[in-house]
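Listed below are the structures to be examined.
The following pair of complexes shares a single chain, chain A, combined with chain B in the former and chain C in the latter.
Let's look at the complex of A and B:
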């Protein structure tokens, strides 16, 4: 028992940023629901998760390159590309829709792999390489969808952006009003998607040699090299994973809006917000510290701000300003650790 | 318990899901056709169930960061305080979501969840609103996109006819030119943001009239992005390259166009333009020198018409699905300081805020008086 307590304490101590972010998120969410006229209802939870899914996926995508100590400026663009691919392919019979979804995910994954190849074998700084490939992704997206549009299956969009009840009801898998089902029926599908895809891939991946190597490279690339870790494989995998998760975001956006939109400003804002979310979630921009679950929490925190704008009366022209200030304060809190370092030189390593 | 109620409500809603709640398609004519005039002859008519006021109304703006949008937000707030509708609104909220579609959709859904009666919005994309339209219909919320409207006929929308605006621009300039005895010549067209449907439609209208006129018009087109700075630069360049023009057909950034004429010493010629205060000031000042212009604009006051339309719909009136707001036109000889332009307000203020058929009169000073108070 004592051991258990000790290890919990250690885990919290080692993940201070993450812990603070999670506790903060829970408190903010509680307060939000108390203030909201329809608080603690399934509808509000559905709305909250729907609004957050895409940024959560893009933030998770961004986590991998940042853990390496790099940065991926193409995640927003790859998300947009996937969104446009999905909008072109996701209609017709269920099989066609499924194939469309798989091609969408493959597109993003392949794009991430390409990023990795350029970084590893081209030996170009990730920030420059992805800046360039990001433009390529937007270009492709514009080529596929010069004007916003597309026709993603409407029933699918409706079913996947609601609670389980609607999902089951829309497709008639079983009696949606069955007594055994009602305890789960209120759970929002987008929440399940985030949890299953996010946790399901991240947790096992983190434990693999490749996963550990990503952390090692972020902490000290030379030490990782000396230890004989598969550095190239880790880098390739990190960028490929970034592409995959960005594509998940794009796919969901297509389902949510039942269309595709090669919007350059939107892609840019997703990239920047993803970096903010990763930092908010306790991941260090220097690499080696943090994780995807933290980014998930960070992305939710980021969205929580806009939730508050809608239940409180804040001047619309002041909202971007407030958003910026809150973000700055939150990120500064994360940087407080620098005050505790014993040797200031450590900050410049 | 709450969850159970919500669930059973959802169940009831689902059981009648085939017959969507929301507006009923009825036959026209609608209420107050002078103000809420249908877009075309085959425009559908909607009717929502009449309900008791006062209503909760939200405005969900997308991008914020140019003068037009800021003025739109201020107009919305000023109009909500207008004695004509103040008593009909119990709660009024404005949010700007940025260009992120997911956030804008989320905001609309959130206001539906909060029990708002009507949501007025400028869509960030002409597509992708199917889900919130379904939700709005299910919860009997009136959703009113305006300005950047949606590619759907399932919601009530408000806009100005951009092709007609382009036509009037060209008709005015050609009329003035013909009164000077010119039926052919060289014209400068200053276009807006490339790829935008508003730019496309205004230009289309202009060229329709030029083609129909039968005159030999040589048209030089430059792209001014509706921005004063860009327009000034491209117009100066065009004058440097092509020499003198007989007329200018601008559709935005008009302050910059006039400034370029002045700076290059180009003679004052008939022109068209948006409804910027600076442009109207210039028209009043230089009309006698030959700057015989027409000013028609996409008014930030569209938000007020949209709010009015939303309230009218909530009161159970028959409304056209696509509302064409009358174009606010002013020519050089109709300008009056303090009425349709203000010599004491900034140049980039958009002047057209009065729509007499709709009883919407929001004066410039009352908009400018809206500060950064809580909405």
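Let's look at the complex of A and C:
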């Protein structure tokens, strides 16, 4: 028991950024529900999570390259590309829809893999490589969807953006009014999607040698090399995972909006918000510290701020300003460590 | 020794870096169940030797055999698979991962294809207990550990690979004395288990206590291997030096008493400086000697305001000064200049022009208000290039286009442009050709004659002997011996550097602790 306590204490101490972000999110969420006229209801939770899914996926995508010590400026664009692909393929019979979803995810994954190849074998810095490929992704998206539009199965859209009750009712898997089911019926489907896809992939991945190599490379690439770790494989995997999660975001956006939209501005703002979310979630831009769960929390925090604007009738024009201040304060906390460095030459290394 | 087959054998190994020959036709063998010391001066080729053994470097020529079989290591991992494991000085630890993660970094215990954290933690605990480091929590992050604890983790990491040949490169230099005892015990155990330990150390008493065989290297060559006790300390020192002096030095003025300009008392910082006392006179050249990593670099950095939380007293012209940053250090009243350790990262902005680099530390001297005056700049640049005879096509070429020697001249000229009173030089002739070296020696003497005070750290003993009016030898964060005039000789510096007795005068009281 004592050992368990010590473990917990260590884990909190070693993940201070994540801990602070999580506690902050919980407090903000409680306060939000108290202030909201319909607080603590399934409807509010459904609405909130629905609006968060895409940025959560894009933030998780961004986490992988940042852990390596790089940045992926194409995540928003890959998300947009996947969104447009999905809007063209996600209709018809269930089998056709399933194939459409798989192709959508494969598109993003392949794009991420391409990013990885350019970074590893082209020896180009991630930031500039992905700036270029991001533009290519938007170009392809525009090619598919010159105008916003498309057709996504309406039932699917309804079922995946509501609570479990509606999902079961829509597809008639079992009696949605059954007594055993009612304790779970309120759970929003988007929340489940985030948790199943995010946790289901991230937690095992973190325990693989490739996953740990990503951390090692971000922390000290020379030490990773000297220890004989598979550095190239880790980099390739990181960018591929980024592509996959960005595609998850794009797929969900298509289901949610029943359409695709090759919107360059939107792609750019998703990319920048994903970086903000990753940093808010306690991941270091220098690499090696943090994780996708943190990014999930960071993305929710970022979204939570905008929910406040709605209920507190603050001028929406102030939103960017306040978001900027919050981000600045949050990252300043992380910069306190530099005050402890005794040899100032180290600050530059 | 009656052993039939050496565990590790090198035949005709050579390694060159560009024009520099780091190892030359080396034959070397070591045997199971022995602790084998490798001795040599700075630059004798010891680290190149172990890097080749452990798969970090490829030899230019020659063959390496492990247990009689020819091997060709492409990476440290391959070497570890064949049982050759090197304990690097903190190089192979990832700071943001936990101790257990680091110990089993490249081959963790697995369950269902995923890393089994619990087993990994238990195994790490067992290994740490073996080296009496039960107090290190395997879950702690490496970056939160002190330097000596990190070194112990590095040792645990090496042990986890079940080495047949264990190479310790200065592995004890960062350790507390208690840990050093643990390591001594561990080496004994490993020896009984039939492991061959290669031990690189600058500490003679360590070598004498632990090792059964000694090999001396000099200038990239394997000079001799002998059993412990076969030679005296003096003979070993003679084997380690004994090369011809090939650089010409300007004539030294006769020894005299200098008017004190800089005096340092009881300077302390972290674990690297443990109370340094030193004075520097007007027009005097004082050399800092000793083996690598005894605190010489830290002393220069501390004076130049790079280090935080330095304790002790520094006086310039009898005034207590406090240098909080390089910007303060280069300004009045201290007027320090520091020619840094690594010219490519700390000395120069490589893509910028020669002219920009020359003026970057003294822009205030060539500006009218906030604007840099082109005419003053041109004149100053021309002066700098002329004073040091830097060979340039045009001052507007990138400094990266120059040869190493000319680049170093740019760094020195850059600092002379600030018109310093006290010049701190960190190994200014490292990696440059003999001709340029001689020019730099002449320049240093000329600066001293102008009344500037020079503190010169050099890893080259000839330089200390040829250039300096006085040599202060550092050992373990302190100045242990000061040599003056005729006392400055290779033998006296080397013995002082190794901290073995019978040194002439000026032994500082209590320094042997």
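One rule holds in what follows: the second predicted complex is superposed on the first by the 339 of 349 C-alpha atoms of A that agree within 3 Å, B and C clash if a C-alpha of one lies under 4 Å from a C-alpha of the other, contacts with A are read in each partner's own complex, and residues count from 1 in each chain.
Going forward, a residue touches a chain if its C-beta (ideal position, glycine included) is under 8 Å from a C-beta of that chain, and two chains touch if they have at least 3 such contacts.
Not measured: the values here are computed from a predicted model.
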item	value
Which superposed partner A:149 touches (first chain B, second chain C, both, neither)	first
Of chain C and chain B, partner touching more chain A residues	B
First (chain B), second (chain C), both or neither touched by A:181	neither
Partner chain(s) touched by A:29 [first = chain B, second = chain C, both, neither]	neither
First, second, both or neither for A:223, with chain B first and chain C second	second
Which of chain B and chain C A:41 touches, first, second, both or neither	first
Contacts of A:209 with chain B and chain C, given as first, second, both or neither	second
Chain B versus chain C as contact partner of A:307, first or second or both or neither	first
First (chain B), second (chain C), both or neither touched by A:14	second
Chain B/chain C common contact set on chain A	none
Interface residues, chain A side, partner chain C - complex	6-7, 10-11, 14, 204, 207-209, 212, 215-216, 218-220, 222-224, 226-229, 284, 288-289, 341-345
Chain B residues within the chain A interface of the complex	2-3, 6-7, 10-11, 14, 58, 61, 64, 70, 73, 93-103, 105-107, 109-111, 113-115, 124-131, 134, 151, 372-375
Touching residues (chain side chain C, partner chain A) in the complex	56, 75-78, 80, 88, 91-97, 101, 105-106, 108, 113-115, 117, 137, 139-141, 144, 269-270, 301, 306-309, 325, 346
Touching residues on chain A, where the partner in the complex is chain B	36-38, 40-44, 47-48, 50-51, 53-55, 148-150, 154, 157-158, 161, 163, 165-166, 169, 177, 182, 185-186, 253, 256-259, 261, 263, 265-266, 269-270, 303, 306-307, 309-311, 313-320
